[in-house]
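Every chain is named by a letter (A, B, C, D, E and F) in the order it is written, and numbering of its residues begins at 1.
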Amino acid sequence: MNAADTAWVLASSALVLLMTPGLAMFYGGMTRSKNVLSTMMHSFFLMALASLVWLFWGFSLSFATGNWFIGGLDFLGLTGVGAEVWPKSTIPASTFMIFQAMFAIITPALISGAFAERMKFSSFIVFMILWLTFVYAPVCHWVWGGGWLGGMGALDFAGGTVVHINSGVAALACALVIGRRKGYGVVPMMPHNLTLTLLGAGLLWFGWFGFNAGSALAANASASMAFVVTHMATAAAAISWVLVEWIIKGKPTTLGIASGAVAGLVAITPAAGFVGPISAVILGAVAGVVCYLAVLAKAGLGYDDSLDVVGIHGVGGTWGAIATGLFACKAIGGTDGLFFGNAGQVVTQIVAVGATIVYSFVVSLIILYVVKAVMGLRVTEEDEVVGVDTSEHGETAYNL
Amino acid sequence: MKKITAIIKPFKLDEVKEALGSIGVQGMTVTEAKGFGRQKGHKEIYRGAEYLVDLLPKTKVETVVVSEMVDKVIEKIVSAARTGTIGDGKIFVTPIEKVVRIRTSERDRDAL
Amino acid sequence: MKKITAIIKPFKLDEVKEALGSIGVQGMTVTEAKGFGRQKGHKEIYRGAEYLVDLLPKTKVETVVVSEMVDKVIEKIVSAARTGTIGDGKIFVTPIEKVVRIRTSERDRDAL
Amino acid sequence: MKKITAIIKPFKLDEVKEALGSIGVQGMTVTEAKGFGRQKGHKEIYRGAEYLVDLLPKTKVETVVVSEMVDKVIEKIVSAARTGTIGDGKIFVTPIEKVVRIRTSERDRDAL
Amino acid sequence: MNAADTAWVLASSALVLLMTPGLAMFYGGMTRSKNVLSTMMHSFFLMALASLVWLFWGFSLSFATGNWFIGGLDFLGLTGVGAEVWPKSTIPASTFMIFQAMFAIITPALISGAFAERMKFSSFIVFMILWLTFVYAPVCHWVWGGGWLGGMGALDFAGGTVVHINSGVAALACALVIGRRKGYGVVPMMPHNLTLTLLGAGLLWFGWFGFNAGSALAANASASMAFVVTHMATAAAAISWVLVEWIIKGKPTTLGIASGAVAGLVAITPAAGFVGPISAVILGAVAGVVCYLAVLAKAGLGYDDSLDVVGIHGVGGTWGAIATGLFACKAIGGTDGLFFGNAGQVVTQIVAVGATIVYSFVVSLIILYVVKAVMGLRVTEEDEVVGVDTSEHGETAYNL
Amino acid sequence: MNAADTAWVLASSALVLLMTPGLAMFYGGMTRSKNVLSTMMHSFFLMALASLVWLFWGFSLSFATGNWFIGGLDFLGLTGVGAEVWPKSTIPASTFMIFQAMFAIITPALISGAFAERMKFSSFIVFMILWLTFVYAPVCHWVWGGGWLGGMGALDFAGGTVVHINSGVAALACALVIGRRKGYGVVPMMPHNLTLTLLGAGLLWFGWFGFNAGSALAANASASMAFVVTHMATAAAAISWVLVEWIIKGKPTTLGIASGAVAGLVAITPAAGFVGPISAVILGAVAGVVCYLAVLAKAGLGYDDSLDVVGIHGVGGTWGAIATGLFACKAIGGTDGLFFGNAGQVVTQIVAVGATIVYSFVVSLIILYVVKAVMGLRVTEEDEVVGVDTSEHGETAYNL
């Protein structure tokens, strides 16, 4: 066991945990004030719920030795996940497990932006337990736990497929099945508190250093470069988003810089340990533009993905995963990508992206239809008008 | 001239604004309010302490119009703001003796 | 007695308050409001969705005075609140039938 | 019908609401306001810059009632809202010409 | 000196420092908006005040060699607390001292929730100087500084007795002596900004990893397991609080999840390095229910502990300290507890709990009565109606 | 390469990054609500902009081998800044670079407080690119990159001259050239959200541990002592500011404690690795008083430095740099100062302070006049009345 690596991964675990309250602020600020608590509740409840799912069966299904599709049952209830060193690392198994737990929290929390302002809380809970079990655990196993995607050489440093494509695609399924918010496109639905959203973006940027540089599982040069490219891609995406909206809509906005930064963070995630700083800037700059356009396109496509999970995590994650196949550079880590002479890596990346999209979308849909049939997904129209904070949680956010 | 004050449900504001615009009402002033009436409130719970919230969010729309318009305005507001459920709100009409436009010092009808 | 209601631009509040003080108006009640009128609003953009914001921040100042004061009060408000640009606001005068001071139960003129 | 407008201290709202309920007043509309009057304000200090805050938080309660009720309502409000210290607030009575209940289009007395 | 351990404890110190602003948000959001600044001021002022008390005499009275009751004077003004390694650790003395300083900040800050919205600021300062000297320093010495409780084998990994029982009991004394807020039980006293409270809860959860896992004083498997059980107990308590209020009151609330999480963090604190994950889940789940019921009971008991310090820190800390005696497992750290065959440990824990309760309550009462006699504790009734932000601090929180 | 040191400096880099969102909150809360987003945008945009400037040429101009005045071009685009160990340290060059990048972000962000509520956003961008290139990079090179001030023995542990004096003096130039806000001194300009400011102060305090203790570039006793004195000076300054305003104005305020804490953090920055705890307390206590008086004096001097960058960073940084020459103690680090028998160090410090003030002021002025001539600095009067959030960014912070 290496103490320095353990210190770094424990610190990173704390940083990744903080991303979920950060997300709660980021999302909460964008809703109308009558729904902010409900939106924040989604994230906070998952901090608790996903952790217990992880402890009891999620970690085992993801990381215990199993087959190409799913992990085994050896780690149920965290049996045997203690002080011994985790294979191919220098940190205790318990450290690896808790670092990974934080990813299992934030991934479903990301999805919740899609159905903000109208989801029934009880159905939310049931959906999330099923989704963690039947979507998150398998996909995580495929990529990191010994499953087929990792085996085939797909590169995903910190979760482009597992976290972002996965959540973005599930978000699309949610938006389609739950339907649009009452009044969508007619009554104005402006963010109620952008200072909250900016705070959230700041916490996400901060915490993401743990997410990406922590994924090196060691305090080494790989972690350091992952940290650097995470920062630089984010910077580039934040600026490119703001510039493109400045050109198209005439104003550079703070919601734009917050959104662009998150788009950059998403896109660099799979590439973090594999690309250099200049590549990261290009990757990030493209992410800012592409995600902005994806968000703009939503209006035309007709579904109501309340807080743009599809446009940012789905599209940004997909771009990032493919770009990893373009910009990866063996000198930095992993294998070479297309621009360094290995065209095959792009194909591998595309297969990984495609498989994740199809699997996540189909299984998310099935879960949604089951939950809808059994208990319904939406609050009543009257409750939606009053606001879900009051109707589902019996609270009001502000009494200023 | 008369002032028409409508207490409406907040999410009906845009429809009321549009309805008034359609009959040429050129100005209005809007205030956030809380209303108490037949509509029952809801319970809020904070660490087990329960509060009955019976002051519900309402929007107050005030528009001063010439007396001839009053009925038309009322009609428009009613049809735009009605949902048919308790709490849709009320309209009150009060006399206005003078109106001044600050920018020009125009008075009364000219000031509307 | 009359109630004078002035809808003004928010940053003019201090000047209006001072102007009224200078002629001995001893009380007023101020409310935040949003105004709709000739003044054009602005566009807001949130992730590409554009909204025309045509309800603009205004401040509503209400003061009840004896009828003799009405013209002087109007004049003072107009000169303090005017910027000469659209949206300066309006003044409305309404009749007041009774006034009571809660602390003392004094009535009408004595209560002002 | 008359509109009774009471400007009161915010923490007296619940007592006033209860007092009005006790005499059968079935509806009211409440707005946050700031009041300026005899009650002196307080000093606020931000990094050494001092501001005199003389607009103090008040609550405006408006209730429209049939004319016969006016005196009883005033009396109830006075006794519920009085603390005996400066700033307890004022009550104003204004004429109301028409009332409409949006939900049913009922008019005047029926609409209250 | 071990650099990795130093890195970890320094990072943990920063995390624990952040808990106090987190507490300021958590508490501040629950007050009425006219008192939010005053409540936040309590926490922020203690970040400064308790640090200086610690520097000049607090650390010495807690940790210099002394007798069974109180430490010596060797470290007054931090003389000799520098680069040399702290006994039985691998980190510099200065690192140990500053890590402990953060505990001396948050403990009195926790108390301040009891007298929120009515305490005179000058009396607050005097009370806190006395309390840190005559209550915190001795109790800290008893448990961690070579005093009688540590000597007798009481287990307190990260401060269940020193921090939570101690502050919870002092809070009860404060609530009793200062009396209820004007209008308590009559006028509604709703939280004015739950987004602030949720933010605070998020920062507390994040910072608590430093509090508990940092208490290992090394980046090792013990720190890692402390981190894991901290997280899992918190998850369990957050859920159990929400479920029990859902059953009893009909709605799952966001204030509930925030409160439940804090209850879990409190309860696992003494047990962090000594129990395994499943035990942590049970310990946390019970904490969520017990603290919820304690908070409910307050209404019946009649005192006005404004922000439920007694119900959460007093009761949660007591449960945690006793549960440490039940669930402790030598294989993980410390000694075995009742469920692992060592019934005596529960007795030791109960003695430690009892001693802390009695000492803290009595001495806090004495200090309160002295301060009350000399300078009074409460603002005037008029100032309370206007709000203490304006009357004590000449400020208004919001001009939106 | 030392893994523990790398872990510590990476964690510190994340902490310093968080200071800029913290600053955004700290500043944003003090503006009027119609300008909060614009103020926060300044900080967030610099997180992106300064990073790219740093990547492409800033780091090279600061740290590549050059002459006494400016660095060379070897590191343009971060060429060769990778896994190899950075000279005279034990961490990868990429880690050193990214740690320093965070300083290049926060320094210009600090300046933005001077022209808050009236600066044109496009001019802001151009000014900042020029300022980073022609002011920040040279001064950074002088002190830390091999330039003349470092060579001459000026002590600046973590950036008293490079960051604080530099930004404070540039802020004065900005305030003078851009002119006062419309209505300054006539209409009340109260902070619109002090809870935001307090949150920001909390995040700054937290992040500053990375700033100062991270500047040791290792997880050693020097880092530990830097951490300790940072904390203690801040505590002392927070209290001294509050006490002096309590005496002068009659009330202890929360904006005061936040401001005092920042003043203490600023003043201890150059001294952090060189002084002991008692010296730190004196240094901090003086900083709180001096900065408070500097802020008071502003009213008399007539310029409108909206958020007191001059009074806090300029004056606090100057005091700190000189005090380093007084209190420095070789036993702790660096060389001795006046009070330890080496009067010459004060002279060196004064030269460093003077040079930075003159250079930064003159070059900032030149840049400002150029930008003003080319594109103007201020929004129109009408836009200023409406608020820059709406006029420059097309957004409203709050729809509560």
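In this section, a residue touches a chain if its C-beta (ideal position, glycine included) is under 8 Å from a C-beta of that chain, and two chains touch if they have at least 3 such contacts.
It should be emphasised that the depicted structure is a prediction, and the values quoted were computed from it without experimental measurement.
Student: Identify the chains adjacent to both chain D and chain E in the sense defined at the top.
Tutor: Chains in contact with chain D as well as chain E: B, F.
Student: Please tell me whether A-C or C-F has the greater number of C-beta pairs in contact.
Tutor: Counting C-beta pairs in contact, A-C comes out ahead.
Student: Whole-Å distance, chain A centre to chain D centre, using C-alpha means?
Tutor: 50
Student: Roughly how many whole angstrom separate the Cα centroids of chain A and chain F?
Tutor: 33
Student: Touching two or more other chains, which residues of chain E qualify?
Tutor: Answer for chain E, listing residues that touch two or more other chains: 2-4, 7, 11, 188, 190-191, 193, 199, 249-251, 253, 255, 394-396, 398, 400.
Student: Any chance you could list the residues of chain B touching two or more other chains?
Tutor: Residues 31-32, 43-46, 85, 94-95 of chain B touch two or more partner chains.
Student: Which pairs of chains touch each other in this structure?
Tutor: Here the touching pairs of chains are A-B, A-C, A-E, A-F, B-C, B-D, B-E, C-D, C-F, D-E, D-F, E-F.
Student: Any idea which chain F residues touch chain D in the complex?
Tutor: Residue positions touching the partner: 30, 188-191, 245, 248-251, 253, 255-256, 259, 292, 295-296, 299, 308.
Student: So in the complex, which bits of chain E are touching chain A?
Tutor: Going through chain E, the ones touching chain A are 2-5, 7-8, 11, 15, 32-33, 190-195, 198-199, 201-203, 205-206, 209-210, 213, 218-221, 223-225, 227-228, 231-232, 234-236, 238-239, 242, 249-255, 257-258, 260-261, 276-278, 281, 332, 398, 400.
Student: In the complex of these two chains, what residues of chain D are touching chain C?
Tutor: 2, 6-8, 31-38, 55, 58, 60, 70, 74, 77-78, 81-95
Student: Would you mind writing out the residues of chain C in touch with chain D in their complex?
Tutor: 3, 17, 26-32, 64, 94-103, 105, 111
Student: Show which residues of chain A lie in contact with chain E when the two form their complex.
Tutor: 1-4, 6-7, 10-11, 13-14, 17-18, 20-22, 24-25, 28, 36-37, 40-41, 44-45, 47-49, 51-52, 55, 77-78, 81-83, 91-92, 94-95, 97-98, 101, 121, 193, 196, 199, 392-400
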